[in-house]
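Look for chain A in each of the two complexes below; its partner is chain B in the first and chain C in the second.
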Partner chain A sequence: MRLRAVSAFAILAWLFFPFIFAVVGLYVFARPGAANPQLIYGILGGGLIGYWGVAYLDGGLTIQDERWNGTLEQVFAVPTPLWVILLGKVCGSILWGMLSFVPTVAVAYFGFHALVPHLDSVRFAVSFAVLTFSLLTIALALAPLYALWRWALPMFNGFEFGFCILGGFMFPVTLLPGWAQGVAGALAPTWATRALYASTTSSGPHDFALWWLAAAGLSVLYLAGALFLYRLVDRRARMTGELALA
Partner chain B sequence: MSRPSGPAIEIAGLRKTYVSHRGTFRRTRVQTVGLDGIDLAIEQGELFGLLGPNGAGKTTTVKILTTLLLPDSGEARVLGLDVVKQTGLLRRRIGFVFGGERGLYWRLSGLDNLRYFADLYRIPPDVSRRRIAELIERLGLSGRERDKVEIYSRGMKQRLHLARGLLNDPEVLFLDEPTLGLDPVGARELRVLVRELADSGKTIFVTTHYMFEADSICDRIAVINKGKLVAEGTPAGIKRLVEDQGVVEVEVEGISAHHLTGLRGLPGVTSVSVGEHEMAQVVTVRCANPAELITQLSVVLSGIKLQKVSSREPTLEDAYVQLIAESS
Partner chain C sequence: MNRIGAEAAVFTRSVYLQYIALFQWATLRGYIGYKVLLPVTQILFFVELGVYGTGRQNALYFALGNALQVTAQAGLYGTIATVANERHFGTLPILLASPANRLVTFLSRAIVNVLDGIVTVLFGLGVTVVVFGLDLHHANLWLLGICVLLISLTTAGLGLLFGSLGLIMRDAITIANVVYYLLLVLCGINFPINRLPGAVQVISYGLPLTRGVDAARQAAAGASIDHVAGLLVGELVVGALYALCGYTLFRWLESHARRGGLQDAY
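Presenting the complex of A and B:
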């Protein structure tokens, strides 16, 4: 966590970028005539984009970070398994990522006087926990993928904001075409985000149990994939000797 | 201090090949031999040096022994543990330091680097606190441990590397070119420290390019070239390989390839190498009979100015140069 705290790029990702997104979102959704239920996308959307960005970049790049530092061999050769070390690092990143909500909620409250009167705090907390777990598992799966496949990083880089749309961070997924909704359904955060937004409004129908289960189930699948990929990284690194390469 | 008995490192028929690809559109598979069936046994408490030119297989050997690489075939055991199958147990008992400045978290302090790696080695907090304080003191980092690594000098970074390598109080320590890039004083301090560690009972496996370094600190050395061991023994024993020879050093200005060919053609000459010294070149000729060679120099090197001619006993470096030349 201390490494992240001294990274200018990470600080921008937690605080500055979410703030920009939140201001834009709030201007769009708080304009005269806009329906009030949409305002919540302005309040939380910027934070969600920041939170995802931290998980995707900070968390996903944990192995590459070690490569760039030249510390990957040192970390690899300790008794603690690599996936345990990276789990700690990704958890650290995710914890810092929660800071993304501070500037966005602050600008919503102080700048736009936006409130969430129908917040179901228990369901909101559970949905947020499920969302956090889903982002954690995605970051854990991306980290070995980036290390194994050199095309993965540029490819997912282009996908960063596409994911924000498919995840329903700034507007409901139901506004997307059918095929895109199908793709979105395979992403665990989409379900968690749906539950998160639903917990802020009284208008239903809401099926929280199904959404939480879908998000958690997909996350467990990502986790299984991640563990497989870590074994592959371990094996391939020791076969080819490419651990120290940038 | 008396040494514990039994081998700390055993290597039998170790082989490693690297596969890479050449070309952008027409990709061809290229195989490079890293190790070509080496056998080695190092006793506990021994300070062992592995010497060889770039690409000879030194780092490959260290990486296999530290569990970072898998061999293609052969067997390697460290402290009786298989480096392929018993990695978890082995990693707790060994330490390694690779040369160069990388391998540390530059944006963290030296102290934070050590604390972090102590956690990764699962050292209990009370033990790690005490050990880190001892290592900081012993390696001369006191007063600077809270500074960020990015402002450390090269020598301080290398001492911090060594502190990290010693965190788990390893029984076997691997040092891959530990004095690379250090100034003479820093390199000497590090050598003294390494010798002290060996005297305290640790087994140390060091790779180096510097012959005087191996000569001054190692109990035993091996020379590796193109993945094969070409000699093994004590530094004195390796030097004895060339004891029937002498070395003539000639300081000249403007020597040409033609002159060097002439020198190489003289009877009894085994190798000729050229180095730079200020504005002149120093030609080192290894030969069977230095006195006779000196009488022939003025003929072979006619037309150029001989500044200085001297004869000396062969060193470990001379033995090394000859071994590498013979095996190439």
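Presenting the complex of A and C:
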């Protein structure tokens, strides 16, 4: 977390990007003098994008950072298991990511006099916890992926807006064509985000248990995938010694 | 005449060499990631956002605005990286020690990025036509082409200014991120700038893209060059001013780096 506090990119990710997306969203959704149910997507959407960005990029680069800093061998040489070190680093990133909602809620309140309406605080809190767990598992799964295959980072980076579409961060995924909704359904944050937005409104479906289960189930699958990838990383780092050079 | 020919040769050589040496991202995978996936998904994202917020009838407003804005990827990220990477790669002391004309060397940094920006925006417009049915039958295509060229040049001018900061900054690409995303808010890409507070509108008109995107929207609707000449001249002046400021800053920072021995400090 101390490293993130002085990293210009980390500050951009939790402060600047959420602010920009919130401003664009609020200008698009805000109707002067009229209540607008879409406004909630402007208030929280930027924060969700920032939170996701911190997880997939900052959290996902935890192994790559060690490689770039030339400390990868030391990480593998210490007696502490690799997953414990990475979990700590990813948790640090995720905690910073939570701050993404501060600029968006602030710009909504001070700039557009917009507040979160009809908040079901318990369901909102559970949905947020499920979202956090899903982002944590995604970061843990991406960390070995980025380290093993260098093409993965430009592809994920290039598809950044694609994930924002499929995650339903700033508009509902029900707006998308059927096939895209199918793809979105494979992403755990999509379900958690759906539950999060549903907890801010009294209208529409409220299948919270189903959405939380879907998000948690998919997250466990990501963890299983991560376990397999960590074994590959371990093999390449210890047995073939290729990882630091790749 | 010989002098001009020699400078033209330096310019051409510099353009070629900086493309070879500094376009390190231009691998097939890098290109697919940053030049295909990113523009397409950016356009799709903001169109869906706009459709959700304002209705399907406004989809083209968002599609066209973002298709034009993606040119700033090359103009900003590319140009900033092309100037700043000299320091990152440790070649800045050699560049500063060379007798080559600084203005020629400096301006050559933008050329490939301008071409790349044009390709990117054409790709973005292609996506807009295919996916969102942008009807260009009544568009003034020549004028639209001029707008695209102009936007690519002016965003590269802005890139040259911020790229110069890379001579003394470690993370110049961070600036590219900040400026690129600010343009989304300030330049009338996703909502008209008259909705911004008055003081912010002044900043908007001091940036590239604002007039260029406005002119391009009018050209897409079939306007003649007489209607948008003022906007185009304004866009050109703004871009030239940024390039001039960038060059001045480049020379000043070069001198600063020499005096402080900072050329290869990283």
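Just so it is clear, the second predicted complex is superposed on the first by the 239 of 246 C-alpha atoms of A that agree within 3 Å, B and C clash if a C-alpha of one lies under 4 Å from a C-alpha of the other, contacts with A are read in each partner's own complex, and residues count from 1 in each chain.
Assume a contact is a pair of C-beta atoms (placed from the backbone, for glycine too) under 8 Å apart; a residue touches a chain by one contact, two chains touch by 3 or more.
Note that the structure is a prediction, hence the values are computed from the model and not measured.
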| query | Should the superposition on chain A be reported as showing a clash between chain B and chain C, or a fit? | reply | fit
| Between chain B and chain C, which makes contact with more of the residues in chain A? | C
| Is A:15 touching the first partner chain B, the second partner chain C, both, or neither of them? | neither
| request: Mind computing the angle chain B to chain A to chain C from the CA centres, in steps of 10 degrees? | output: 80
| task | Go through the superposed model and pick first if A:85 touches only chain B, second if only chain C, both, or neither. | result | first
| field | First (chain B), second (chain C), both or neither touched by A:240 | value | first
| task | Answer with first, second, both or neither: which of chain B and chain C does A:102 touch in the superposed model? | result | neither
| So, A:73: does it touch chain B (first), chain C (second), both, or neither? | first
| request: Please work out how little space separates the C-alpha atoms of chain B and chain C at their nearest point after superposition, in whole Å. | output: 10
| note | Note: overlapping chain A surface for chain B and chain C spans none
| task | Report the residues of chain B in contact with chain A in the complex, numbered from low to high. | result | 18-19, 60, 63, 66-70, 88, 91-92, 96, 98, 100, 102-108, 112, 117, 120-122, 164
| request: Flag every residue of chain A that touches chain C in the complex, lowest number first. | output: 8-9, 12, 16-17, 20, 23-25, 27-29, 38, 41, 151, 154-155, 157-162, 164-165, 170-172, 175-176
| note | Contacts from chain A onto chain B in the complex sit at residues 2-3, 6-7, 69-71, 73-80, 85, 237-241, 243
| field | Complex interface listing, chain C residues touching chain A | value | 25, 29-30, 32-34, 36-38, 41-42, 44-46, 48-54, 171, 174, 177-178, 181-182, 184-185, 190-191, 195
